[in-house]
Amino acid sequence: MRFALRRLGFFLLTLWAALTLNFVLPRLMPGNPAVAMIAKFKGGVSPQALKALETQFGVQTHQSLISQYGSYVGNMATGKFGVSLSQYPASVGHIVMDAIPWTLGLVGITTIFAFLLGTGIGILGAWRRGGLLDSIMPPTFVITSVIPYFWLGLVLILIFGVQLKWLPYFFSYDYTLTPSFSLSFIGNVIEHAILPAVTLLITTIGTWILTMRNTMITTLAEDYVRMARAKGLPSRRIMLDYAARNAILPNLTGFAMSLGFVLGGAILIEYVFNYQGVGYWLLAAVDNEDYPLMQALFLLITVAVLVAILISDIATAVLDPRTRDAG
Amino acid sequence: MAMIRPLSAPGPDLPVPVSRLSARSRNPAVRGLQRMTTAIRSNRKATWGFVLLVLFCLVSAFPWVLAHDDPSAMIYPVSLGPSAHHLLGTTGLGQDMFAQLIWGARPVLLIAFGVGLGATGIAVLIGVAAAYLGGWWDAVLNLVVDVLLVIPLFPLLIIIAGYLHSAGTLVMIAVITFTGWSYTARQLRSQALSLRNRDFLEAARVRGERRLYIVVVEIIPTMTSLIVASFLTNALYAVLFSTSLQFIGLGDPTVVSWGTMLRSAENNEAFQTGQALWIIAPGLCIVGLGAAFALLNYAFDEIGNPALRPLRRARVKRSG
Amino acid sequence: MSSGAAEPVPAIADTAAGVRRGRFRRRLEAVPGLQATTGATYQPEHPDAILDVRDLSVEYLLDSGTVVAVDRVSFALMPGEFVAIVGESGCGKSTLLFAIAQLLSPPAEIIGGSVTFAGRNMVELTDSALNAIRWKDLSVVMQSAMNALNPVKSIGAQFKDVMRAHGVTARQEIASRSAEVLRMVGIDPIHLDSYPHQLSGGMRQRSMIAMALLFTPELVIMDEPTSALDVVAQRSLMVQIAELKERFGFAVIFVTHDMSLVSHFSDRLMVMYAGQVAELGPTRQLFDSPAHPYTVGLMDAFPSIRGPRRPLSGIPGSPPDLARPPQGCRFAPRCPKVMDRCQADPPGLYQVDGIDVRCFLYEGAVGADRWSKP
């Protein structure tokens, strides 16, 4: 219980840090960039929205810094993220809600799949040592994990989209179609998701494979694995029940932490494929100086990482009886 | 009659262990470096990585040796294929691609080493300070590190770069350094913690040495290999992050770099005009440099944990 | 004296079911009827022995070279006998133990010798054949129960999986047998649901012993099971082991670095040094009149709590580097009784008064050049 409370405290602290960063950054930059932004949008938005922006970014207000901060945090906490400037009059919240399912689908499903597949390959790779595979695997996957996400996307587009013309590579679905829950539309969505998903898979799987293989190798040297052999247990049971179940524990926390990187990569992939998810909108917001949208998306991504950490904490508690008692 | 191979004397087919270090220094930092040199020579991955890295460094230091054209000059006919005059052809803007590639190495390596040194420096400072000062300081610093670890780095970089509108090389180094030091700080702190109670430190304390002396002269040199590994990690992420930022347009557009080349390629519809090389060449360079850092890093992992090395099979078939 | 005809070395693929998983691949040469360097012949008949180890050698394949950690060790174990193996760190006793139990993993490999148990040479057996023997006839107790028990499974689950692996599937039977073995070692069966970290050190060790007795095997191999405990717990564990042995009649091979601990419980004592057997014989005899200078040094290093006070003594120097073992006797550099011959020739195993000693001091004694028969 104490453990859970401490974690919760940590999450709140991180959230607060992200909020404060959002608040402080524009004010720190030389010549508050918000000034330029507001000047740019002056004609296009309603006066109330303008006033709200000024308050949010501390331009021309007579409020003290503290009270600006207070009202800012208050707004964020109650979900008043304001209106999007580039997509005026759509509200930030609206755009964000629209974007989430796309990113969740693409990145969420692909990452889970990459994690499971990568972990499986890592387990087998550690189990079967001493072959050609054992020497080839590490350098190969070390190299795949440094391939820039966006570049691989470009290359895949080049090969499969432009040259071979097998797969589409623009947007999340054929935009001449109207979205519906029909099978053909869903099929179309999947078709559009293949290249981005493969890109994400190839670039991220290397890390899962290598970390799992390394922890597995260390675990296989443990006494309890030798004991399992001594007991005459079948090999598969030793591999899974004794080795893998212990080896995966440190990787679960690692998984949650690297989700931050994966999301970063996903931003680039969505950009390259024009896939209308959270990352795409973040970059569009940056391009258009749409700061309210930018800030909201940054907070969203931070929350996503925190949720992932929470889930991995729960999973670790379920799988490792030692943490349950420590808390 | 069965013959026994004498087991107490090494036979001609047994490998003779060679000690490469004839003189082992007393200074732990020098010893650490000696170990690393041996390691680099004996581990294939490390050798490759090292050679690649040196190659890139040489190219970026002396670009004029290989490339004879001004990389930014848009004086050539556009979109030419590879030829004797232009090894990689020309870009859609009439620049010589090969020259761009060669000159483009310099900003990337500058950023890589800049961030590598800067972030590692901060990480060592904070990590070791936290471990050694202990108590309240440790708790606070640890919390800061943990919070920074969780906040997603790349989105934060995007936002900062977004506010700045475009980041030149120096700014890029600063921004990536100040956001990215936390990961390696954590690792360094763990190692410093485990070293804290070792006997040689106790000896120093008993001798009456000042805390700072102990930290600088005793602890840090012992951590040499981890510090080098941290440098490699930070440099690697600097390469990937900076080229990504340049690609999405947040880098300095006037600087010729692999990232800006790719941005240019994308903006100028390199796909449609069939200029695959414009996209492939700079990307391969990024992968190459990244691989150099990553292979060296992975090799260090293997060196530190021998269990990870590829298993040797017995080379000599035993006879009865 | 020449040995009997050397048997052809079976190639890996010829062995029955020679399919191996990478990691459990092992060398398959069995070399019976070996010729020792002194020309002595090993007595092959131990019809009553449940375990017959002959010229077992284990090598570590390292990047820097090969190290022979166990050099032609031989001994035979009678039913119900308690043999203790003692020696300093690095003498190869744990490696020997794991080699006997076929639990070595790369880079360690058995490169010669045989281990005959239940009538079959275990070195030659495949994993599936070994699994049938494992735990039912031969079980293992390891040094640190915290490391030897799977931390994420309850004690009961670990009992269950070994029983199920050997054909006991009825839930009732599993439950009752698990409870029974725990009670045997004095632990409340309620702890079947506990995880290893929830038990005290002594309880963990005893539950490992309970697990080892699930099928009341003929032989229990123990690798320093008391080293991780305090002296009081050590003694009580030894008493427990002795009681159980009395009750169920299993044989024990007990590896330890603490001679005084086993002195009251073991029938025979084997002293190992630098991968070789230095001395092997009945415990009491070894304690009363140790033969090998190394054993003498060890005995002297454990002062008696009774008797006159004398200054502490030790054995100067340190064990040889097994990557480059010395030409002659391995103990020669540290031996107070060293002779010229010792540096040049390696001594064989000589029998004196029923003890085997690897020392030139005893060459030519009555019945020399014969291997011991317990």
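By letter and in written order, the chains are A, B and C; residue numbering begins at 1 in each of them.
Following the convention adopted for this analysis, contacts are C-beta pairs under 8 Å (C-beta built on N, C-alpha and C of every residue); 3 or more make two chains touch, one makes a residue touch a chain.
Keep in mind the model is a prediction, meaning the values are calculated, not measured.
**Q** If I average the C-alpha coordinates per chain and also across every protein chain shown, which chain's average lies closest to the global one?
**A** Of all chains shown, the one whose C-alpha centroid lies nearest the global centroid is B.
**Q** Suppose chain centres are the mean of their C-alpha atoms. Which chain sits farthest from subunit C?
**A** It is A.
**Q** Can you give the whole-Å distance between the Cα centres of subunit A and subunit C?
**A** One centre to the other, that is 53 Å.
**Q** Taking the mean of the C-alpha atoms as each chain's centre, how many Å separate subunit B from subunit C?
**A** 48
**Q** As a quick test, compute the distance in whole Å between the mean CA positions of subunit A and subunit B.
**A** The answer is 24 Å.
**Q** Which residues of subunit B are in contact with two or more other chains?
**A** Answer for subunit B, listing residues that touch two or more other chains: 311.
**Q** Could you tell me which residues belong to subunit A and also touch two or more other chains?
**A** Correct list: 129-130, 221.
**Q** Residue numbers in subunit C touching 2 or more other chains?
**A** Residues 106.
**Q** Could you pull out which subunit C residues touch subunit A in their complex?
**A** 21-25, 98, 101, 103, 105-106, 127, 130-136, 139-140, 142-144, 147-154, 161-162, 165-166, 195, 197-198
**Q** Can you name the residues of subunit A that touch subunit B in the complex?
**A** Going through subunit A, the ones touching subunit B are 10, 13-14, 17-18, 21-22, 25-26, 29, 33, 129-130, 134-135, 138-139, 142-143, 145-151, 154-155, 157-158, 161-162, 210, 214, 217-218, 221, 257, 260-261, 263-265, 267-268, 271-272, 282-283, 286-287, 289, 294-295, 297-298, 301-302, 305-306, 309.
**Q** Going by the contact rule set out above, which residues of subunit B touch subunit A in the complex?
**A** Residues of subunit B touching subunit A: 45, 143, 146-147, 149-156, 158-165, 236, 240, 243-244, 247-250, 262, 265-266, 271-272, 276, 279-280, 283, 286-287, 290-291, 293-295, 298, 301-302, 305, 307-308, 310-311, 313.
**Q** Can you name the residues of subunit A that touch subunit C in the complex?
**A** Of all residues in subunit A, those touching subunit C are 127-131, 220-224, 226-235, 237, 241-242, 245-246, 249, 319-322, 325.
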